[in-house]
Structures are given as C-alpha cells and as structure tokens.
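Dropping the structures in below, format is structure tokens.
Each of the next two complexes has subunit A plus one other chain: subunit B in the first, subunit C in the second.
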Partner chain A sequence: MTTHTEQRGRDLRPRRPHGARPALAGLAPLAWIGPAIALIAFAVLWPVVKMAQSSTRHWSRYGVDLGSNGTDNYSKLFKEQDLGGVLLRTGIWVVVVVTVTMVVSLAVAQLFNQRFPGRTVARWALIAPWAASVMMTALIFKYMLYQGYGFINILLDDLGLVDRSSPTADWLGHSTSGFVWEMAVAVFVSIPFTSYTVIAGLQTIPAEVYEAAKMDGASKLRTYFSVTLPMLRPSLLVAAVINVMNVFNSFPIIWEMTRGGPGYDTSTTTVFMWVLKKGGHIGESAALSVVNFVLVIVIVFAFLKVSKWNIEAD
Partner chain B sequence: MKRLVTLAATGLAASLALAACSSSKSSGDNSSSGAGDSSKPVTISLLAPSYGSSDKDDTKLYWQQIINDFQAKNPNIKVDLQMATWDNLATKLTTAIQNNDAPDLFEGGGYADVAAQGLLYKASDIVSPDTLKNLIPHVAELGQTKGADGANAQYGIPFTTSTRAFFYNTDLFKQAGITDAPKTWADVAADAAKLKAVGKTGFGLPLGSEEAQAETYLWTLGNGGGYKDASGKWAINSPQNVETFQWLTDNLVKPGLTESDPATKKRTDLWKDFAAGKIGMINGSPALIPILKQGSIGDNWKSVAIPGKTGPLNSPLGVADFIEVFNTKKDHKAAVSKFLDFALQKQYQEQFDNEYMLLPATQDAAGELSTQTPALKPFIDALPLAAWYPSSDPQWDPTSQKIKDIVGKAVSSDPKGVLDQIQAVATGS
Partner chain C sequence: MTTLTTTSRPGQRVSDPRPPKPKGGLPGVKKAAIMGGAYLIALIFITPYLEMFLTALRPVKEGADPTIIPKHFEWSNFTSVFSGTSSFGTNMRITLEVAFGATLLVLLVALPAAYYTARKKFRGRKAFLILVLVTQMFQPTAMVIGIYGEMRDLGLINSVWALIMVDAGFNLAFAVWILSAYFAAIPVELEQAAMIDGATRFGAFRRVTIPLAMPGIVTALIFTFIAAWNEFIVALTLTTSPDKAPLSVAVDNYIGQYTVDYGHLFASTVIATIPVIILFGLIERKVVDGLTAGSIK
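So, the complex of A and B:
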C-alpha cells in the first residue's frame, strides 16, 4: 500500500509543469501526515479546547453547566487566599526535586557505569522504585513515618536521633517536615528514570575522547567536567525536561501522604486543583488547570531556551 | 534549533496527555433498562458510609442482609450496594453527581444543597404515608429545605440519629489521681495535664478532614457560639468562636496536652487510641461504645455531658444522618420507593441501633428501644433538646467541607483568619 503511494508520488514529480496535477500533488503528503494530524487534533488539541472552554463556564457544585461566566472563575481563583502560597510551594517543589534528582542521578549513573561484580543485579534493583506504583510507594513511606511505630521513626530512635513518640516524630503532621519528606519521596521515585537516561548517555561517549584526554594529561575531575558533562548534555536535557513536567504534575505522593494538609500547607497547584474541585468550585478548578498548563509550557520553553543559550556560549 | 523544537513538541504532547488524563470521565450510563414496575428487572444503587471501625465491614453486612431479604420478596429488583468511609463519602458522592452518575439512594450527610439543585425527590413522593408518619417528627423536620421550585418540603429522610457525649478512661483517671469528671474547660485542661504527667495523651482533638465539623461545633457550643447566631445568620467568625479556638490553642494544644498536630488527625484513629488506653479523654458518640468493647480499655470508661466553658452543655449535639433519593433515573422511582419502605421497618432500625448504639429515626423503633435497651433511653429522651447542624441551609455542605479542610489550622496559626475564611464560604462572599 505504502510502496504504491510512494511510487505514484515519485511518478508525479516530473510531470508537475503540465496540467492540473500539481494541486493533487500538493495534497499527497496528507496521506502520510493526515492520521497523525487527526490523532493530535483529537487527543491533544480537543481536550485543550475543552479545558479552556470549561474554565469560562459557570458550573454548579455538581457539574451542571449554568451558562457563560466570562473571566469570573479566574478572578475568583486569583482572589483565593491560599493561591500565593500554593504557587510558591509549587516552584520550590519543582526546583528542589528536579535539581536533587539530577545531581543524585549523575552520581548513581557514574557508579552504575563502572564494571563491578553483580552490576546486572544492581541495575535491576535500581528499576524497582520506578516499576512500583507511585501511590504504593507514597503509602509505604507514610506508614514508615508513623509517629511511635513507623519503621523510619524506630530506626531514628535506635540511632538516638529522634524520640519516636515525640511530636517531632509526627513528620507528616507539620507543614514543613511533611513537605520535605514528600520531596524526598518524589526524588526517590524520579531517580531510576533519570539515572537510566544518564547511563544511556554515558554509553554513547566514545572511548577515544577519554584516551585523547588522557594523552593530554587531563585530571579525572577535569575529564569529567570538560569531556563527560558536555557530552552528556543531550541526555541531561531530555531527563530534565521530562522530570520538570512529571514533578510539576505529580499528584499521588502529596495526596497520599498528607492530603495537601494541614490546611493547604503542602498543596502544589496540581493538588490544589483537586481541592478546589472537591470543594465544589469546578470552574475555579478548570481555571487553575489552564493556569497550570500555561505554566508548564512556559517553564519548559524557558528551560530549553536557557539550555540552548548555554550551548552557543561554549 | 531542531532539537529545541523536537523537545518542546515532546514536552507539549506529554503535558497535554497529562492534562487530558485529568479531565473527567465520560458521562455515566443511563442505560440501565427496566421500568419501575416490578414486572421488569431493574437495578437500583445505594451509596452508604461504614459506621463501624474501619477494619470490620459490618455496616455492609447490615445493608446486605436487608437487600437479601428485599430481593427474596422482589426478585425483579436488584440493589447494588456501594460503601465508603466517612472520610471520602462526600467526595465520592460529589464526583458521582459531577459525572452524571448519581446513586439512586444515598445515606449520609447533607441534602439541602442537592435539593436546591432539583436533584432530589421529595420524601412524600417516595416513601409511603405510613413510613412518613412514623418518622420522629422533629427529626423529620430537620429534613426540610427549599427545593428547586423555591418551596419548602421534606427532602431528607432521617435514617439514624445520635447525640454526643464526653468519654473518659476511669483507669487512667485513677492513676493520675483525678476523682471527678470534668465539668468545665478549665477542668479538662487541668485533668489533661495530670494525664500527661502519667505519660498519656490528655485529650484527643480530631480536627482533621474526617469530622472536624463535629469537634468544632462541640467546642464552640460550650462558649455560647456555634455556626449560626440566634437570628439564623452565619456566625462562624463570631468573637465567641474565635475565643474558643484561642483557648484551645493556648490551653490544650500548645502545652502538648492533645495528640500532636490535631489538624491532621482523624476521629476514627483517635477513637481507637482511646480504646487502647493511650488517650484519657475524648468526645464521642454512642457509636464509640462498640469500639471500646473491642479495645483494651474494657469497661473502664464513663460518659458524661460535654464540658463547656463554665459548665456542662445542657443541649447535647444531635447528629442526624439522612437518606436522599436522587431523581436522575426516573424509571427507578417505583423500585426505590419499595426498597425504602422496606428498609425503614422497625426490625432493621432496631438492629442497626443495637449494633452501633446509635439512635433510631422512627417512632416505633424509638418506643421499643427505650424499653428494650435502657442504656439508650436517656439519649432518646434527650433528642428533642439537641442542637443540630444547620443542615437545611444549602450553604452547609460547602461550609462543612471548608471546615474539614482548614479548621485544624485555627489551633496552630491565627484563629480569626481561619474562621473568617470559613465564614466567607458560608455567606458565599
């Protein structure tokens, strides 16, 4: 089927100057890209249009459309007393989780790229947090952090660091310590993917460049920063962009561990979106999801722009 | 540049896919066939909360038995039972309605908001006049609210009621050298300090998302406050209420006499801790009694009237749970009527109340239980005096949700600011 079309496409080209054929020929690429365009329109563009539309409607608490609402949902959303804190927290969440994940993953990848006995097993083990359901991981951490009898608290108690029945040991009950633990779990589940991307990157670096560096008498540290890191740039870029989006949109960790509370003290925009919807403010929730969407796009583009600028500066 | 575009495109597609995932499911099925008359098979649905401790699903068994008995007599009507915990009941119902897939029958909290949206049948359209007459009158009155037509009518059909009391562990009181049950807030604080001295949590204060609206009401009533003022206007940020939370912060929470971080603690967890002898005092309903029987506390507890600022509350907090009948599936009406008349029979009401030590909603059951189970008589007699949630106000549901979300912060940060935020939701401003 495809070969036929290709042949006809090729046959058409020389005849282009004659007659009405060119118009048809212009349409020919549609046969290839048409299905993709249809898929994008249906699965990508249409939901975005729906999302934007629903943010301008007045919804009852129970999802009945009560007509147009203009920008009311947005003005209500920006008047929410907790929104400022939520946005700031989302920023901290993304920056800290992605940065720590990247740094730790670079080290982990370096380690796993060495030859050592049992490397295959160790590499398999690294996949575990990735393969496990994020919700289960979050729940298990929640149990391990229980005041009094959680595993982590027992461990810390045995080490003499924290009294496991003291208020401090109620990690998820306080806004700050709860959020820090959630960021730790987010890093934990992001490391496998990132490490594998970096390992894949490390394996594409040819041995010759290292030999050349050796010949020139570069130190190990110098080799890492001047050869390895620059050559890893493409895979680091991919890992970082995907992590930024994943972490930004992450919901289950925070929801399972603290439900975004106490109050809304550990909510990010994604969690707050659900909180608004749960409280019956569907329109506001839709408005926040539009804001969220725009934010992701802006962050990703800004990030790519900055990385690109770095490459040119080299 | 090409890479930039490719990456950006990947990013765009991925985030769009995520955004698409979060949009709601397609609308629910209205395809269940069958007319209401019992000649054609029909399946009706019931969503109900679990009243027992969470590890035992005994409320499910209770409903399942009624359903089995009912289905034996009405082979053409099937009842699909869904259970939820109190913690996620409201979310489950809201989500079902938003997805246009409301259950036919819902048992649990508020009804006023959904009635105002025109989503409910009037009680008189569903249950028989005999069943209606049999409901305890002043509890049935609580089920009245304005419907979508603007007229007042009964939409909530009471299913069970309860009153709240103050429970304390007599064993721990003895250890701590406390002789009398507390009558005032000052007593509670003093006794909690003595209990802390023997290594226990003095008072269990569940202000987390499960039932913070009850704990809030119990404490604010003790200071002459509450949710509405005498003229029926919302008064959540009244000076009395602010003072109540300030007192709780200064006298119980800051000195460490409660469990840590009350804002995140659930009632069911604290009830279990009380039953395990870890907590000395707690507010509870008769539903706590079966949990105590399973715990290590045994019979070493007593319940008294809830302490207020200057003396015990003279009107206990009454809580009524209502059944709402959704009108979204018109062809289920006859089947739902039949089932509800069947389920509200005396024997089932009594069975439920004996199991959970809760109070009935029907007169014949109340009369018989008063003589059969003397322990319940004072609670049944107290029902007419009780203070109730403002549940016939359509704003109560969103307000109650907001209380659950944030009231816990009133004992760790600025009480006035938190209560102002809740008041704003109640008044819709």
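So, the complex of A and C:
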C-alpha cells in the first residue's frame, strides 16, 4: 500500500490526513498490526471478560449456567476455611522460590560467563530444564523421590543421610517436606532462564568500567558489589518480574508431584482454583481466578512503574 | 574477571553474540576450579533427564529395585508405546499439529506487526506496544476458566484449533518484541538501496530485511514452538477425551490410571522431551541476544 514515497522509515511522522483518502491513510497501520491485535483480543482479552462473567453466575456441578447470582461465588470463596492457608502458601512459594532462584543464578551466571573448555556442552546441559516441559520434569522428580527406590533417596541413603525406606523418605507424603521439594523443583526449572538473563546483562557491561575500577585499586569483591551488581540492575529487575509471574502462575509442579495434597496442604492459588473446578465448584473457581488475575495486574503495574520501562526504545 | 564485551554500539548489539576473547589465560588452578564447578552444575541440571532415560529402559520387574542403573535394558519400550491400545501416536500427532500450527500463526501475525512498529511512527504505536508488553506478562494459567468458557461457547472443546489460537496468542507478544528489536537494528538505508536498484518495497523486505533478521526470526519461532509443544494446563482444560489430547495431557491421564507402567510412561516423556532440548540447544547462543534485545532494551 505504500509504494509511493513513504520510504523515510522511522523518521516518518504520522502525517495529517489530507488529499483524496484521509480515512484510508489513518487505517494503514491496521493492515500491519490488525491481525496481532485480533489474535490478542481472541486469545487473551476475551477470556478475561468471560472469566469475570463466569464469576457472577450460578453454575451446576456439570457446568450448566443457572443464571446470575451476584457476588455469591465470592462470598462463598472467602468463607472457604482453606483459603487463608492457600494465600499464605502462595506468598511463601513466590518469595522463597524467586529469592533463591535469583541468588543461585547470580553465581551460576558468573561461572558460565567465564571461558573454559567444554563450555558449550556445559551450557547445553544447563538449559535442558528450560527447554523441557515443566510438567514432565516434575514427574521425573516425583519418581526420583519415591520411598525405597527413588534415585534421590538411594543417593541420600548412600551418603548416610536418610534411610531410603524410612517414613522420612516418603517426602511427598508429608505436607512440609512435600512443599519444600516442590519449591526446590521450582527453583531448578527457573535457574536456566534467570542465569541466561544475568549472562545477557553481564555482557552489556563495558570493559572500560572494570579497567577504571582496577586502576582505582578496587578489590575483586568490591568491584563485584560496586560495579557489577549495580550495572546488572536492569537485567535483575526483568528476571525478577518474569520469575514472579512464572512462579505465581506455576501449576504443573505441584499438580504432578502432590496434586495439592495431602488435603490442600501444598496448594497454591492456581492449584486450588483447579481443585475447585474439578470438584464442580465452577463459580467459586471463576471467582478465585479473578482474584488471581487481579494479583497479576497489580504485579504488572508495579513492574511498569518501578522499571519506568522506556517504550520508545532508541 | 576477564569476560567482558565490547561496548554496545546501537544497532550492533543484537547481531554480535560472541563474548570477546579474554585478554590473558586464567591461572591453571582457578581455571580448573571454574571448570569443575561448571561441570558439576551442568551434571546436576542434566541428571533428571538422564534418570528419565534410564527409567524408560527399566524392565517392569526391576521397577522397585534400589539400583541406579537397571540390570537389563528394555529398549522395546520406545517402540511399544506406539502400538497396542495406547493413543500415544494420536497424542503425538496432536502435539505436532498444535506446535507447528501455533508457530506458523505467530510467524504470519508477528512479522508484519513487528516490522511496522520498528519502521514507522504511527498514531497508536505506543498503545500497541503497551498492549504487547502487558500480554507478555499474562499467562493462561490464571485464565483457564475464561478460556474454557470462551471455547465452550464457540464449540471448540477438543479442537486443535482452540489450542493453536491460545498458544499463538500467548506467545505472540514475545515474538513481536524480539522481532521488532531485530528489525530496528537493520538500517533502513539497505532497503532503500535495494529499491533504488529496482526492487519493490515487498521485494526489498523479502530479499534484504528478512535474511538479515533471520537469527531473530528463528529464535522467536523456536521459542514459540517449544512453548506450544510443552503447553499443559490449557490443553488439560480444553480436552476431555484421551484421543483428542496432546502428549502432555495424555501423560497426565496415564498417571491417574490404576497401575502405572513407568517404563512406558517415561519412554513417552523422553520422546516428548529430547527434541525440544536439542532444538533449544541449537539456539543457545542466540538466547543471550534474544534476552538482551527483548528485555533489557
């Protein structure tokens, strides 16, 4: 459509429509970005509306809409006696997993950013959990934690730490040890992405900065804390936010390892939402998903504010 | 600390992935310590997948043996998952359809949008970029109830089209973001030169811009492919019948059954996991660039 002189690329200002086709000129961008907007509207925005609607309807056990029931789903949800524990656990889940992931990834990134023989292969191994399905990773961890013959229990037994057939070795059968192992798996699958973000950040720090620090006689430790860490701030911020979103939304790990049990003792909000839906409490489940969604929005806006994201890149 | 890069020149950072060579060699002991540490971490991260492989080879009667390596290897598990009463072949086909379908859709939709936002300043550009950024933050997990309601209204439960659209929709933002950064780094003068030589605008885009942006395109496509291949919760919500489900859901159904044959179960997960680990390994170098372009900018 722009076969005439519109070739000045990024310098081109939106021109005031004039001449013969003012209406068409204003619509030109839609031909390019319209399909993207349509897809986002279909796959992302429509479900948001549908979810909000569902949360105000009365549903039968089998998903038949029985009419409006105002805010009943919400009041029922907030009366659930397990909800407090689920929310608290979700908070612990996000804070612990993200914090541990960030700290470990800083060290891993520093190590994998060095040059050493075999680095390509080592990096390949490091990204395996990022590429693999989280759900299938959780499954093999569940298998490795089986009492009696799971790989991790055999290893701990050989090291003399835990008797592989003792009740302790039934890690996923107890709520606390089950949840701790689930957090460990969440950290495990989050480290590759986070380390790579930090490596990307490390590579944007100009060499001159380090030379200057060296000339000023700064020690290595001092250089790390006064130069590297502050300059990594943008990458760390991005990594932290993306991790918060991923970990908050994480469903497959807990689902595959304990199905949220025993009871609801290892459920976070997303797992609890699914358990409610599965149990036929569709309205309550929709109400909880709206609550989840509002939390996500809050995190997104906090992020946009904190990072002062420069949308006009360049 | 000898691992630093060149200063980032605008327009260059994206296409310059190699870390620079260190100025001097590291002292031997330190180098050995770094290697040892890195290899140990690499081993820890690959162990679950090795264990997955070993379990896939473990015969049923050795199932509860406390041995790390099985005494006999049951290689037939990898072929027998395709035969018999299991729907593994069908589930595999659905996973492939969803992954390729979503990748193709993202390519068709993201390419023009990314190119246009990189090249033009138009009214609504900022609003569009914010929309993209916000959807990049959203994940389907919190929205499955809404997705389910929508697809039920449309009669798309158990349809691969629903899975393709949702997977494409949620991965579109990342693709637009990364492609836009790549396009912005390609000087517009190159296209102009081609057009002076008689190419049409589209011809210049196809022969000049696309080849230069190819690393970004490949990275965006592989990311989409892997995400769609691995997707679990949307498929779990939108499929109700085992022969309409992708692999991830089929494996989950398998767990719920009365007796679980772990050899076959993990043979399935190995078959589902290895291709994406290899695919991801191929773009390993590009991942750092993608993250630099897509997030830090």
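By definition in this document, the second predicted complex is superposed on the first by the 255 of 314 C-alpha atoms of A that agree within 3 Å, B and C clash if a C-alpha of one lies under 4 Å from a C-alpha of the other, contacts with A are read in each partner's own complex, and residues count from 1 in each chain.
Criterion: contacts are C-beta pairs under 8 Å (C-beta built on N, C-alpha and C of every residue); 3 or more make two chains touch, one makes a residue touch a chain.
Remember, predicted model here, so these are calculated numbers, not experimental data.
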item	value
Touching partner for A:212 - first (subunit B), second (subunit C), both, neither	neither
Subunit B versus subunit C as contact partner of A:173, first or second or both or neither	first
Contacts of A:139 with subunit B and subunit C, given as first, second, both or neither	second
Partner chain in contact with A:103 - subunit B first, subunit C second, else both or neither	neither
Contacts of A:124 with subunit B and subunit C, given as first, second, both or neither	second
First, second, both or neither for A:245, with subunit B first and subunit C second	both
Contacts of A:114 with subunit B and subunit C, given as first, second, both or neither	second
Per-residue touch tally on subunit A - higher for subunit B or for subunit C	C
Partner chain(s) touched by A:203 [first = subunit B, second = subunit C, both, neither]	second
Touched partner set for A:263, first subunit B, second subunit C, both or neither	first
Contacts on subunit A seen with subunit B and repeated with subunit C across the two complexes	40, 43-44, 47-48, 50-51, 63, 234, 238, 241-242, 245, 249, 273, 282, 289, 292-293, 296, 300, 304
Interfacial residue positions of subunit A with respect to subunit B in the complex	40, 43-44, 47-48, 50-51, 60-64, 81, 147, 167, 170, 172-174, 234, 237-238, 241-242, 245, 249, 258-259, 261-265, 273, 275, 278-280, 282, 289, 292-293, 296-297, 300-301, 304-305, 308
Of subunit A, residues touching subunit C in the complex	2-3, 7-10, 12-14, 26, 28-29, 31-33, 35-37, 39-40, 42-44, 46-54, 63, 108, 111-137, 139-141, 143-144, 148-149, 151, 154, 157, 164, 188, 191-192, 196-197, 199-208, 210, 220, 223, 228, 234-235, 238, 241-242, 245-246, 249-252, 256, 270, 273-274, 277, 282, 285-286, 289, 292-293, 296, 299-300, 303-304, 309-314
Complex contact set, residues of subunit C against subunit A	1, 3-8, 10, 13, 19-22, 26, 31, 34-35, 37-39, 41-43, 45-46, 48-49, 51-52, 55, 63-68, 105, 108-110, 112-113, 115-126, 128-135, 137-147, 149-150, 152-153, 165-166, 168-170, 172-173, 176, 181, 184, 188, 191-192, 195, 200-201, 226, 229-230, 232-233, 248, 251-252, 255, 262, 265-266, 269, 272-273, 276-277, 279-281, 284, 287-289, 291-292, 295-297
Parts of subunit B lying in touch with subunit A, wherever the complex brings them together	1, 3-4, 7-8, 10-20, 22-24, 91, 94, 97-100, 113-114, 117, 119, 208-209, 256, 260-261, 263-265, 397-398, 401-402, 405-406, 408-409, 412, 418, 421
